[in-house]
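As written, the chains take the letters A, B, C and D, and residue 1 is the first residue of each chain.
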Amino acid sequence: MDLQYSGEEKIAASPATVWAFVQDPEKVGRCLPEVVDVTVQDPTHVDAVVQVAVGPVRGRFKLKLELIPNAASRRIDMKVSGGGFGSVVDLTAGADVVDPGDGATLLKWSGQAVARGPVAAIGGRVLDAQARKLIEQAFANVRQQLSA
Amino acid sequence: MSTESKPGGSLGVAMKRKEDPRFIQGKGHYVDDISMPGMLYLALVRSPYSHAEIKSIDISEAMKVPGVKAVITGKDLEAAGLGWLPTFHGLDKQMVLAIGKVLFQYQEVAAVFAETRGAAADGVEAVQVDYAPLPVVADPFASKTDKVILRPDREAKTNHIFHWEVGDKDGTARALAASPKRISQRIWFQRCHPAPLEPCGCVAYFDTMGRLQFHVTSQAPHVYRTALAIVTGIPEDKIHVMSPDLGGGFGNKVPIYPGYVCAIVGALKIGRPVKWIETRTENLTSTGFARDYHMDVEIGATPDGRVTALHVATAADHGAFDAAADPSKYPAGMFGIVTGSYDFPTAHAEVDAYFTNKAPGGIAYRCSFRVTEASFAIERAMDILADELKIDPVELRRKNFVRKDQFPYPSRLGFTYDSGDYHKTLDTALEALGYQALLKEQAEKRAKGELMGIGFSTFTEVVGAGPSKHFDILGIKMFDSAEIRIHPTGAGIVRAGTKSQGQGHETTWAQIVGEELGLDPQNIMVEEGDTDTAPYGLGTYASRSTPVAGAAIAMAARRVREKARKVAAHLLEAGEADVEWKDYKFQVKGVPAKSVTMKEVAFAAYTNMAQNEPGLEATYYYDPPNMTFPNGTYVAVVDVDRETGEVKVRRFLAVDDCGTIINPMIVEGQIHGGLTEGFAIAFMQEIQYDSEGNNLNTNFTDYLVPTSLETPHWETAKTITPSPHHPIGAKGVGESPNVGSPAAFVNAVVDALSPLGVRHIDMPVTRDKVWRAIRDAEARKT
Amino acid sequence: MKVKVTVNGVAYERDVEPRTLLAYFLREDCGLTGTHVGCDTSSCGCCVVVMDGGRAVKSCTMFAAQADGHDILTVEGLADGGKLHPLQQGFWDQHGLQCGYCTPGMMLTAYALLKHHPTPSEADIREGLAGNLCRCTGYQNIVKAVQQAARGGQP
Amino acid sequence: MIPAAFDYLRAHSTDEAFAYLQQHGAEARVLAGGQSLIPAMRFRLARPAVLVDINPVRDLNVLRVNGGVLEVGAIARDSDIERAPWIADRRWSLVHDVSRVVADPVVRQMGTVVGSLCHNDPAGDWTATALAARAEVVVRGKAGTRTVPIDKFLVDSFTTAVSEGEMALAAHFPVPDDRTAGSYQKVERKVGDFATAAAAVQLSLNANGTIREAGVALSAAGPCAVRIDEAERMLAGQKPTAELIRAAADAASRRSAPQGDLRGSVEYKKNLAGVLVARGLRQALARLGVQA
């Protein structure tokens, strides 16, 4: 069960500012929707607890976030894995920090979620909606935090 | 058919079942009904990954969960010498709890013991396992490349488990090459699962005498006792296995599962009773699956439809461990029955098995050891041949049937069919069906563009494993046994080495004793499943109960009769030689009026036995001289909805020949149940894995069991061709309907679509597949 | 929490966790093991009991707390003293069971069906039982058993 | 499987239930039928900290025609509709059809209509029915009780206009006139399965036989049940003909955006959507004595 998404965010901040922001585990962790707690493990690893509320799926889920910056191509890749009770959700997302030349920045992102275990079997449809929302909201939060 | 049980003449009586009163009043006794003071609940941590290294298992959080008493992992078991268990036929071994890495999704990783079910589940959730995913091998064809070696623990560093073959390889190849007509088809019998309504489970504890008291859902309790003794080192006298009422088995309750071993180890380590009951998800994802045979079938024939040669090459998906519960000399089970009901001049069958990242197993779901796969292959391929030769599939079968006069028939792949009258069974079906009228209706419908199909399956099975010269499990020969004791008042008890899971042994075994000894079956108690009391037996599966244990009961009864004859002679004041058993009583030869009943003799055996040994009992261990070969003709009539791809089974007729019938009502019940399983397999069921090794059918929402609304109405009929070598001529019938029916369903659908040029559809025949087959065929036409 | 349920006419008062499912309350807190559990997705119907005289419910998909103050009929309450209920007699006469695991749920679903639909056709019965799975009988004899019960219990 | 632990609060009145929900907000879930919630809890997908049981609330257990609407209270069961004496009237044929194919006959004796609407499963049966019948949902929030048209009520997969701390009290199905009939066409692999595809249709005719109003909606054809506006517009005012039915069906098939899964491929489900709308329209018209 894997599910793909993509999107774009126009951010009113310079590419350099955006590039610095997306490499900061604390800041990126805080962008996760409904995040309740963020604990930075090291410069590229952060644990976060998010409150999930999609239909019947309610409760707190522990997520492990790994940031993989690629300075040359100004691309940041992220691995998010989390779950509970024998289920695992592996999200991979990546964003290209693009300089359209007008002083602002274009964040072109794409994401993919792979679910395993009972959550895939039962929550397949629930999961799709939740994973898409998680990734969309995270990148929207990046824009919000940078333009404020 | 008479339904009254009476002393003598209880064979063939549709007697009401003796075991029903407890079930209809909620007084059945299933494993999960057992609860004991201080009993702990065991729940298993399972892997979400299908192939991954285990970096670490952190049980600290779990141990803090209120109610959790202990958590054990593979390393703990390894330290106790129980890390790996030999698989059923002893040619491989299987991890109890994962050690080092996991090899299939939902594999057991850790065992949590807690005071309540809730606490056990909470404990499972708190165990932190760190996995490092490894590349996944999702089918035998990827496995064959050996790019990723799944089992480095084995000596041979390959995923190839075994090559098996039987028959004349070169002769068949030559005959095929020389055949003017030839068909070949890849036929995949998909992975499915027996899913008995009661999941597997056990209660294990060590009593004050240090004996392991082990209540478990087992179809073969004695084999469990011996295997556990060998594996755990606990002396066999200190192991008491009790298999109570079982809520269905269908082969799912033959293997010994990791949950059982963890329960025993837990009970020993913690010193309290431990109950393990699996969930439906655990049952479907980790216990014995069935089938998963990719079969390439080739048949050669003359233009007028005489078959010349058969070749079948199979790639078998055995999952992560080779735990297929076959007799040890038969890695591909009875697949050699693939020539079916047809007299092939030459044949050659071969099977290559491979490891994959899927659950282990393969032998289950009423399969008679791969007979379901073999029968589906030949019955589907014969329809493809009929289509190629433009001959009516009925005529093609009739022309190639083994004739009645050829029995006992030596098949080209090593069996000697005991008896059969295939033409009579076929004609019985055609007449009951009104075949000509159906053909006329089909022609009219086809003219209007409607899709109607008629599908046949004229199968022959091989059951009743089996003769000691060929068959053993863990070295133990596959005999079976019975012990009969008649009490002073003429009542009695029979104990057998089998274990019913709903087949009605408490009634049918009593009917055999009633017939053989002229006693009332209502007063013959039947007991199975308790290894402290029942004589040693190999259990109930592969339709072996009646052919093997049924024979043992008849033979034990005849030993009782011989002993009784001595007491009768004394009562009749006649020489033993002058006393004969006739019309269910002992008579002085030629003087029928001078006779005594078995009831009278039984009383005398305890009160007036003269010089004879008191008491009236006997035991018999029956080693069958040959297997038995039930057959049948099944016919499905279907209508296909072009717009939705739905297939409606309008009629289904099953004519079965299983030799002598003990209880027609119970036989009919077995046929109804087996046909419903065949229907489910043909149209609904599959255990599917994606390329990542994720199981997509892990519960009853996605692994479909048909309800009363989808299940067709079943028409049944019979012919009777007794087995010459069985004491009462019985052949066994439990698996025939599951063996024979899938081909009839699929043949009917393909027949309905044949005007569009469709020649084969793999099971399950879903609406989506049918709709697309129609759409693609119409696209080809324009 | 405290839960008081009348089961087969007998009042049971127990202290249970809120998450206790009614099926396990009946089996383990009341010791009535005739109600069975066969799945984890409310699919199989082995756990069906009858609430308040006429409503068939899957007791694995209901908390014991929801049954507080209600009447529950389980298979153990079907027979009237020694006399079998027409459904029990029907299942026995028509060979409507083999392993017995689905039988309690099947009979209680039929009990509620007959309460609301005393003279059902074969189609009504097959539709009414479509929430209960059986792996042994193929349903045909179960339908005949319910038809016999509807006729007043004679074979 | 055993759910995660939670606190159980039994409400005896709507006010009491509403107070609990306001107090616990996102942590709480309403327990009515529980036929979707409890299985999700058993798999620990749903782990609410608090369950508010509204089954004891007598005034939510209502099923009556009142002021031009069929009022379906929050704990009125599917089976109550299935067994209602008035259900055989052809004006209620859509609602009658769906009440016989939701889930399975035992689940329907606990499952509720309002619960199904609030759950808003992409393959839900009541959501598509509510669209075709142009129902409304009564929701109680901090600012009091409001009536939300179904089109506004269904927001996204498993998401509706009921926000945290709020509670749905009832669903109102307008009472159709006597020249109205409907049909619910559902294809499922077996009883109890989610729909592979499903179409809800309701037609009201003018005296001259033309279509006064048409409701056409699909289930299992997108994030949640979807109204096929184009088909409804096509049908309105027209005389029902075979070509019109085909055009409406094609519009539905075009609009259908299902996911491919074990139940069928995208192309199969899209085609099926059209087939079921056509069959639904034909059956509704047949129930009105019109052959098309």
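The working rule: a residue touches a chain if its C-beta (ideal position, glycine included) is under 8 Å from a C-beta of that chain, and two chains touch if they have at least 3 such contacts.
From a predicted model like this one, the values you see are computed outputs, not experimental measurements.
Across the two candidate interfaces, A-B and B-D, the one carrying more C-beta contacts is B-D. If you average the Cα atoms of chain A and of chain B, the two centres end up 50 Å apart.
Look at where the CA atoms of chain B average out and do the same for chain D: the two points lie 44 Å apart.
As a whole-number value, the distance joining the C-alpha centres of chain C and chain D reads 29 Å.
Annotation: 34 Å between the Cα-based centres of chain A and chain D. Chain D has residues 1-2, 4-5, 39, 41, 43-44, 104, 191-192 in contact with two or more other chains. Touching two or more other chains at once are residues 84-85, 118, 122 of chain A. Residue positions of chain C touching 2 or more other chains: 17, 19, 40-41, 43, 127, 129-132.
Two chains count as a pair here when they touch; such pairs are A-B, A-D, B-C, B-D, C-D. The part of chain A that touches chain B in the complex is made up of residues 1-2, 83-88, 114, 116-118, 120-122.
Per the touch definition, chain B reaches chain A in the complex via residues 45-49, 105-106, 121, 124-125, 131, 281, 690, 692, 694-696, 698-699, 701-702.
Touching chain B in their complex are the following residues of chain D: 1-2, 4-5, 44, 104, 187, 189-194, 196, 262-265, 267-268, 271-272, 275.
On the side of chain C, the complex with chain B involves touching residues 17, 19-20, 24, 27-28, 32-41, 43-44, 46, 74-76, 78-79, 84, 88, 91-93, 95, 97-104, 107, 125-127, 129-143.
Within the complex, the chain D residues that touch chain A are 4, 26-27, 29, 36-37, 39-41, 43-49, 119-123, 156-159, 164, 223, 259, 261.
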